[in-house]
Amino acid sequence: MIWEIIISVLLVTGGFFGLVGSYGLVKLPDPMTRLHAPTKAATLGVGATLTASLIWFPTQGGQSTWHELLILLFLFMTAPITGAFIAKAHLHLGWDADELPRPEPDLHWATFAGPENESVLDRKTPDE
Amino acid sequence: MSPALIALLPFIGALLPGLLIRSGRDVAAISCGTATFIALLGLCLHIPAIMAGEVITARFEWLPSLGMNANFRIDGLGLLFGILILGIGLLIITYARYYLSRNDPVGLFYTYLMLFQGAMIGIVLSDNILLLLVFWELTSLSSFLLIGYWRHLPEGRQGARIALTVTALGGLAMIAGMLILGNIAGSYDISDILQAREAIQASPLYVPALVLILLGAFTKSAQFPFHFWLPHAMAAPTPVSAYLHSATMVKAGLFLLARLWPVLSGTPEWFYLVATTGLLTMVSAAWIAIFRDDLKSLLAFSTVSHLGLITMLLGFGTQGAAVAAMFHIVNHATFKAALFMTAGIIDHEAGTRSISRLGGLRRLMPITFTIGTLAALSMAGVPPLNGFLTKEMMLQETTEAVWFGNGTVLYVFGTLGALFSVCYSLRFVTQVFLGPERDDYPAHPHDPGFGLLVGPALLVVLVVLIGMFPNTSAAWLVAASSSAVTGVAQDPHFALWHGVNLALKLSLTAILGGLLLLALNPGMLAMRDAVWRPDGKRAFDAITRGATGVARGFTERFTNGSMSRALGALSMTIVATGLWAFSTGRYQGASRPMLEVGVVPLTGWILLMVATACMVAFHRLRILALVLVSIIGLIVSGTFIYLSAPDLALTQISVEVVTVVLLLLALNFLPKYTILDSADRKRGLDAFVATVTGLGFGALSYCIMRSDFAFPPISGYMLENSYKLGGGSNVVNVILVDFRGYDTFGEITVLGIAALTIFALTETLLAGASGRRLRNWVHDSLRAGDRHPMLLVVVTRLILPISLVVGLFIFLRGHNSPGGGFVAGLVVSIALVSQYMASGFSWAQERQSINYHAFIGAGVIAAGITGIGAWFAGLPFLTSTYGYVKLPGIEEFELASAMGFDLGVFLCVVGAVMLGLNSLTRIARQTGATVNLEPMDVDPSKEAEHR
Amino acid sequence: MEFLLSSAIGVLTAAGVYLVLRLRTFAVVLGTTMLSYAINVFLFSTGRLVVDAPPVLRYGAETYTDPLPQALVLTAIVISFGMTAVVVLMALGAFLEGGDDRVDMPRADRLPDHRAGDDGA
Amino acid sequence: MIGYALYFAFACFGLALLFCLFRVVFAPGLADRVLALDTMTINMIALLTLFGIDRGTTIYFEASLLFAMVGFISTVAFAKFVLRGDIIE
Amino acid sequence: MMRRLFPHPWLSVVLVLTWMLLVNRWAVGSLLFALIIGIVVPLMTAPYWPNATGYSRPGRIPAYLAIVIWDIVKANFSVARIVLFTPRSALRPAWITVPLELRRPEAITALAGTITLTPGTVSCDLSEDAHALLVHCLHAPDPDAVLDEIKTRYEARLKEIFE
Amino acid sequence: MNHLLIAPVVLPAVIGPLIIMWMRNDLLLQRVFSIVGTALLAVVGIYLNWIAASGEVFVYRLGNWAAPFGIVLVLDRLAAMMVLLTAVLALAVQLYAVGSGWDRKGWHFHALWQFQLMGICGAFLTGDAFNLFVFFEVLLIASYGLMIHGGGEMRLRAGVQYIAYNLAGSTLFLAGLGVLYSVTGTLNMADMAMRVAQMPAEDTALLRAGAVLTMLVFAIKAALVPLHFWLPSTYANAPGPVAALFAIMTKVGVYAIIRFYTLIFPQDAVTETLLGDLLLPAALLTLALGQVGILGTRHLGRLASYAAIGSIGTLVIAVAQYTPQATSAAIYYLIHSTLATGALFLVVDLIGARRGDLWLRLDRVMPGNGMIAALYFITAIALVGMPPFSGFVGKLLVLQATADVSWSVTIWSVILITSLIAIYGLSRAGSLVFWKCYEVEGPDRPEAPKDPAAPSGPIPPRLEPDEQIQDLGDAPANWLALTATGLLLAGIVAMTVLAGPAVRMAEATAQQLHDPAVYIGSVLQGQEGTK
């Protein structure tokens, strides 16, 4: 019974946060803020759901599984990377380097750095 | 000598000049002449037997089930034609030796000539109409080659094509006619057909067969309105004209009429078709001949005219006419060949064949003059030459025949033809030889050497001999041949003088009229030029040009390189035929209950619908389209899971990510947006096609899902025996690696080949124009910094070994749970790809000492070896066995030999995916990307060490 | 459920057909991808639909879905993957060589660029 | 009780998927769409887990694992494409 | 010997654990097999791990993880509140530059990950020289406080663990 | 069980990977290995024909599974003949590829060649409908690789179309198979035939739809109108020897039509005359379109392509009749047209290598004009069905077989009239290419040097890949290329001279096809020792 309650709570929590995460995706005003909603809300959403499953199988389902843990690990490991990459993509597409604080006066953020970061027009084309 | 051998000898002769192509004119002529002579000798040896009424046959089975056999026969008709073909052939071979220039490819000429000779002999000796057809068409082909022999002359090429096309037209019609004839007679052997007169003439197919066969005969014999090809064939070297277009080939049609005379003639259809055509041809061609300026052209039309005469005689269907026809064949061959050779000599010596540039050659070329005049007079029907004899016979026959109830029309026209004939014959004599000598011949005319003269001289001797002594010189041959034609023993007697009868009067009229006409000729020429007249060549050109134009338009229209049209046609064909097939059958109606729909499937459905619709709407934004593809793939995978197909879901989702990576790699070099370049109307039409196809497919699948199997599916057995006999509890996997392992074997081969193709293509691209273009590539978008972001490098570095473990797990448990070699391979590939994406290609590549070619090869071989392994147990390819391997203390595995197969799958998948991606990456590197030596762009820890 | 799935198949097919009828290679590739989704689901559905009865043998389980179409679809997925990879690369190659990504064959494939001596052979 | 909780969660994640789809379709830029795709994958994983509980079977877990892995790779690939054009360099 | 056999012992541990979680069977046989994997796979992937990995104080990892998990839960509630109830106009997003003391890539990655997973912050980018982290805050009326929390609550601990 | 039954698949399936693994960089070794492999295949083909001549149907049960459950290979007369035909054509054409130097214009020619053979032989031998799909895919993907061998814009563009169209075809194949499975519950062709025969009369709609969908797939492969669009550009742009090998590819489609039509959907099954009713008009249109195309095109490669389409038309006219006589005519014609089409593509390639391009327009006299003209002339005669070559025999057989059918007037008219168009078209093209050139240069111009140093033209320049293919440093072996072409023509001559035995064999084959009970019995009965 107690497990049932815990499981139920976890499921409801998971569902709730999953929904909120995606709702945030719709509701929040600009891309950078929208990035926050799913990277976190969804982690807990799916995290709670997986935890519910982790508990459900040994207690209610009569078999033990640990895969949920692995999935969770994987998700938590990768979520920051996807977050950072989407942010970088967004910075690249929608932001100017000057709109951001600089890391140091003469340095750029990695997205804005690099010798290749030139306009197509500037590029020398030797043969044409 | 066997008739077959006689027919074969010219072909053997044809090989010789080909083999001795460099040894000159003499060798070629002698070898061909020898072959011809032997054949002629062989033929003549049969004369006594044939005179005695025998028919010499030789039979070889060739294609008995079709009734096409190499059956030969020599009867009187064959003998007549055989002697003509081989005898004149011998003369032509001699003549050509001296006629052709040293620079001409003489070997080729003789080869063609002998091919033709063989074909002709084949026609006349065939005892099987299908065999006859073979030789018949061969004459068309070899004449094509001979007419076009001087390939630099446009007239030659055009003439050759016209001749080929017209005679091929007839030949094709004749194929049909002969097949019908044979089907009626129940045999294709001429001997049998000749016995089937009643059956043939009673058959409803008699008229079609007759028309088709006549089409063949008339085209070959240049009968009206197909006569126009013959003058254009005169572009051929003169020996060819003399041989093919006067003596032999054009007579093949006559031969055919004569050959089938016993079974086809005697009906009104025959009479009106054949006799009328003959008459028309005789008169019209003679009329045209009067005005020709080119000697050979004049002779050609005269030939057409005389062929018409013979045709008309055969068309009469009476025995007398048949005899006259046979006799005229002999006579015409002698004087016409002589005339052609004369024309050739004049051309050769005077440098022109144009009558308007000739005249007065009598003194310069006395021998030629004599020969030419005698032959021309014979052609004019002047006694006592042989032409006179048959002209009289012809006129006699026309007076006896009745045409649509009219007894005079035939002989009036017959006389008219004879009159024209006199006119052009005398024109040949007077305007070439007589008159004042000129000083503007293109060359210096004089009598040629013996080689060129011997042929025509011999022929003219015959002209005179037959004319004077017809009963001793030629009657036997005419008797033999006309007996063969009529099927009744003939014993004709010929005489120059029959008393003053209608024929003689007509003959006299013709001669006098001809003289008068000759006197009027210049005036008439002007008059004729002023009046429009049909021109066969121009009509032919117009028709062929039109046909070519239509064909081009048609071809351009129906295969215009439009993919969209092709696929649209495919879609509509599928829908139309599918619908037709379905609606003409019976559908039982929905028998299976529907599954309930929960909230999740409904959500999935909405997602899929919306995503698909968006995909179509936004497909021109390519990256968005790819995102949508990923979403659709995700939902499809979810669908598979929901509907009890975990293996499918695993495969689908992992394949899809690799596909997306691949598409992204390609998209880097492709435009990022699709230009809108189809018109609204086309898009509307496409949408219609798409909707109809979608509806059709949806409906089909609905019908299927709602109905039951008509028979228990074989998968029941698989479910039952998968564990028992296959040793695995994941039935899908057991099917893949065991029940249907052979499919999987093919499947991984496909994958391997795909990778090899990609690799090969990449190499080719980089080596060619694309490589240069890539080296000067300008990226079409602004590029961010941070090529190898540190965060990604660190995490993928951790993910790689974990993924390998997961891959191993999925591989090992595949036989019993969802998974298996394929998914495992993809998982490992994806992990490796993530390394590439994070740390850069060169760095990651350096760390794998893997040759993906070898992987693919090893994969296919491993799968193959697992299959072949069974051979050693005496079992078929891919027979698996299994057992549980329990290494003490270690994880217990079920080790099916099928797992070796699965290993092959794994290797192949990894090799193929990686080789494919490698290749794409190579294209990218061609654009001049720098190579990284470190896994990440900046490594702060290293930097600290340096400090 | 059957209706949902068959309508999905229909829509996927229609989308695929519409896209393969476009004039640029990338759209055609997308279209073939859609078609392969459609056909995979279609082929899968010929085993009829069953929820939660995967063809993995378990103790006590009575019903299994038809495993054979699944195996067939697996084969088909793999094959169409290989094909897609090749067509993508070939499209890329054609683009690099030809300079545009049209699907239709240019006129120069069927007609010579000049007509010198073309007629009247 | 678990049943109701389960249905609630099903509904939540189903709805969440629809939200994500909305964002895919109506988005100012590519980054948002990729983000929405990534979120969809995560929601799918949750749905799979719920389905597993609902049916009492663990057979679908590998799929979840793979979804996670694949979602990660495709998100990174898309982002890297936006950033660099070339995803393997 | 041990060094050669286990070039990355922590990785080996992770892999053994992964295998055990995968096979779902805590038997001795499985463990032995897991050990084999723990040896073989790191050896295979060693080329991808050019620099040695190690932890100076691995013992502090669990505590750190506990803090992070707790923060994640907290984060979710706060983000949920913001998503659901904070009106657009009241939202105060902000960029923060976090100068890093950490130098090891693994440590920086861990920090970035933590930041992303915890309250209202996402790590977006590193500086060119990887000496600073760009963080975006969903709602940060006081950015300095956030920076301070990151430095003390996470970076300091990670520095202990890694360096 | 006779393991040599599967040799035509396993042999190339082993040689291909071996080449990839160990001989990637050694062209000489590849050539030797690959040619020996193909020759072995021919030997196996002869053996298979020899055993199949007994009239027995041999079954190879893969994986030792009992018949409808596992995949079977089935060897009957037709399958054996097709395998041998493939091997013979492939061997000659491969010699040509080596002789003309085509095989070193890009990577993996020989490996792909072997895989191509594997796919084709697999398709001929299989007795399983889905396995047929798989081997179709094998042969298709190998053909993609071969088709674009050497690269170049047009070739790649045509390749894209070829693949896209065939992807649609493969999709359709799966759909057809799905429908058939959903009704019959089986994939084994013999089993399917049995079940189709027992199909209740009130439940035929799906089966009919399935039959038609499947047939459409084969029609695509055979390039029947209106599904022929892919062929002209593909074949015209493919490397010469590859196009020549592709002569057998359309025949795979025809083979499948024959197989399914006689075995699974005979006219006494629920499909009635459905298939014949569709095939005949399509075949007539195909013939017309192909022959008209010969006249309508301005490119020799496309001319050969249209000739290939035309020959398919004639062939399928016979197939559609569904009588043993017509089927035997079809089989004879199939062999003939494979050899003749293959030869024509080789001749066209010879011309292309010497002239630089294949447009039908005035050009200089090419080196070796006479020899190539002779080859062209013979091939063209054979193709249009003029005597004395096998085309004539084949045409007569087809005409004879269609003499008494309801459409006979139409069929005869189309065949004969289109023959005339083709004759005109081919003679026009031939005289333009081989004769008209002399008009420009005059008759007395000495012939150009015999052996062209390097045939340029549609062949791209040699490429320099990363891994260097061993440079043999030889000029293309012209004599080998000519000999290889001659070999195919020798085949045509043999088909003519030995028409009697050949037709007898075709008749026996047709008899076997029209009596499927033996086939079905061999597959489904007497399965001792299997699982």
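In this document, chain identifiers A, B, C, D, E and F correspond to the written order of the chains, with residue numbering beginning at 1 in each.
Just so we're on the same page, contacts are C-beta pairs under 8 Å (C-beta built on N, C-alpha and C of every residue); 3 or more make two chains touch, one makes a residue touch a chain.
Here's who's who by UniProt: A, D, E, F = Cation:proton antiporter; B = Monovalent cation/H+ antiporter subunit A; C = Multisubunit potassium/proton antiporter, PhaC subunit (TC 2.A.63.1.1).
Keep in mind that this is a model prediction, so the values were computed, not measured.
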Steps needed, at minimum, to go from chain C to chain F (Cation:proton antiporter) via contacts: 1
Shared chain contacts [chain B and chain C, defined touch]: D, F
Innermost chain, taking as reference the mean of every protein Cα atom displayed: F
Contact-richer chain pair [C-D vs A-B]: A-B
Greatest separation from chain A (Cation:proton antiporter) - chain, by CA centre: B
From chain D (Cation:proton antiporter), the most remote chain by mean C-alpha position: B
Interchain centroid distance [CA atoms averaged], chain B/chain F (Cation:proton antiporter), Å: 15
Chain A (Cation:proton antiporter) and chain D (Cation:proton antiporter), separation of their C-alpha mean positions in angstrom: 11
CA centroid of chain B to CA centroid of chain E (Cation:proton antiporter), Å: 73
Gap in Å, rounded to a whole number, between the CA centres of chain D (Cation:proton antiporter) and chain B: 59
Residues of chain B touching at least two other chains: 154, 157, 161, 556, 559, 561, 563, 567, 602, 642, 646, 667, 697, 704, 713-715, 718, 739-740, 743, 747, 750, 753-754, 757, 761, 764-765, 768-770, 779-781, 783-787, 789, 791-792, 795, 798-799, 802, 806, 817-818, 920, 938
Chain D (Cation:proton antiporter), residues touching no fewer than two other chains: 10-11, 15, 17, 30, 34, 58-59, 62, 65, 69, 72, 76, 78, 80, 82-83
Multi-partner residues of chain E (Cation:proton antiporter) (each touching 2 or more other chains): 18, 22, 24, 109, 112, 125-126, 128-131
Chain pairs that touch, as defined at the top of this document: A-B, A-D, A-E, B-C, B-D, B-E, B-F, C-D, C-F
Chain E (Cation:proton antiporter) contact footprint on chain B (complex, rising order): 785-786, 789-791, 793-795, 797-798, 800-802, 804-806, 808-809, 835, 839, 844, 846-848, 889-892, 935-936, 938-944
Complex contacts: residues of chain D (Cation:proton antiporter) adjacent to chain C: 55, 57, 59
Sites on chain B touched by chain C in the complex: 154, 157, 161, 556, 559-564, 567-568, 571, 592, 594-597, 601-602, 605, 608-609, 612-613, 615-616, 619-620, 622, 625, 629, 632-633, 636, 639-640, 642-648, 651-652, 655, 658-659, 662-663, 666-667, 669-671, 674-675, 677-678, 686-687, 689-691, 693-695, 697-699, 701-702, 704-706, 708, 713-715, 718-719, 722-723, 729-732, 735-736, 739-740, 743-744, 747-748, 750-751, 753-755, 757-758, 761-762, 764-765, 768-770, 773-774, 816-818, 822, 912, 916, 919-920, 923
Residue ranges of chain D (Cation:proton antiporter) touching chain B (in the complex, touch as defined): 7, 10-11, 14-15, 17-18, 21, 24-25, 30, 33-34, 37, 40-41, 44, 47-48, 51, 59-60, 62-63, 65-67, 69-70, 72-74, 76-78, 80-89
Residues on chain B engaged by chain D (Cation:proton antiporter) in the complex (per definition of touch): 598-600, 602-603, 606-607, 610-611, 614, 623-624, 626-628, 630-631, 634, 637-638, 641-642, 646, 649-650, 653-654, 656-657, 660-661, 664-665, 667-668, 779-781, 783-784, 786-787, 792, 799, 803, 806, 810, 817-819, 823, 827, 830, 833-834, 836-837, 840-841, 917, 920-921, 924-925, 929
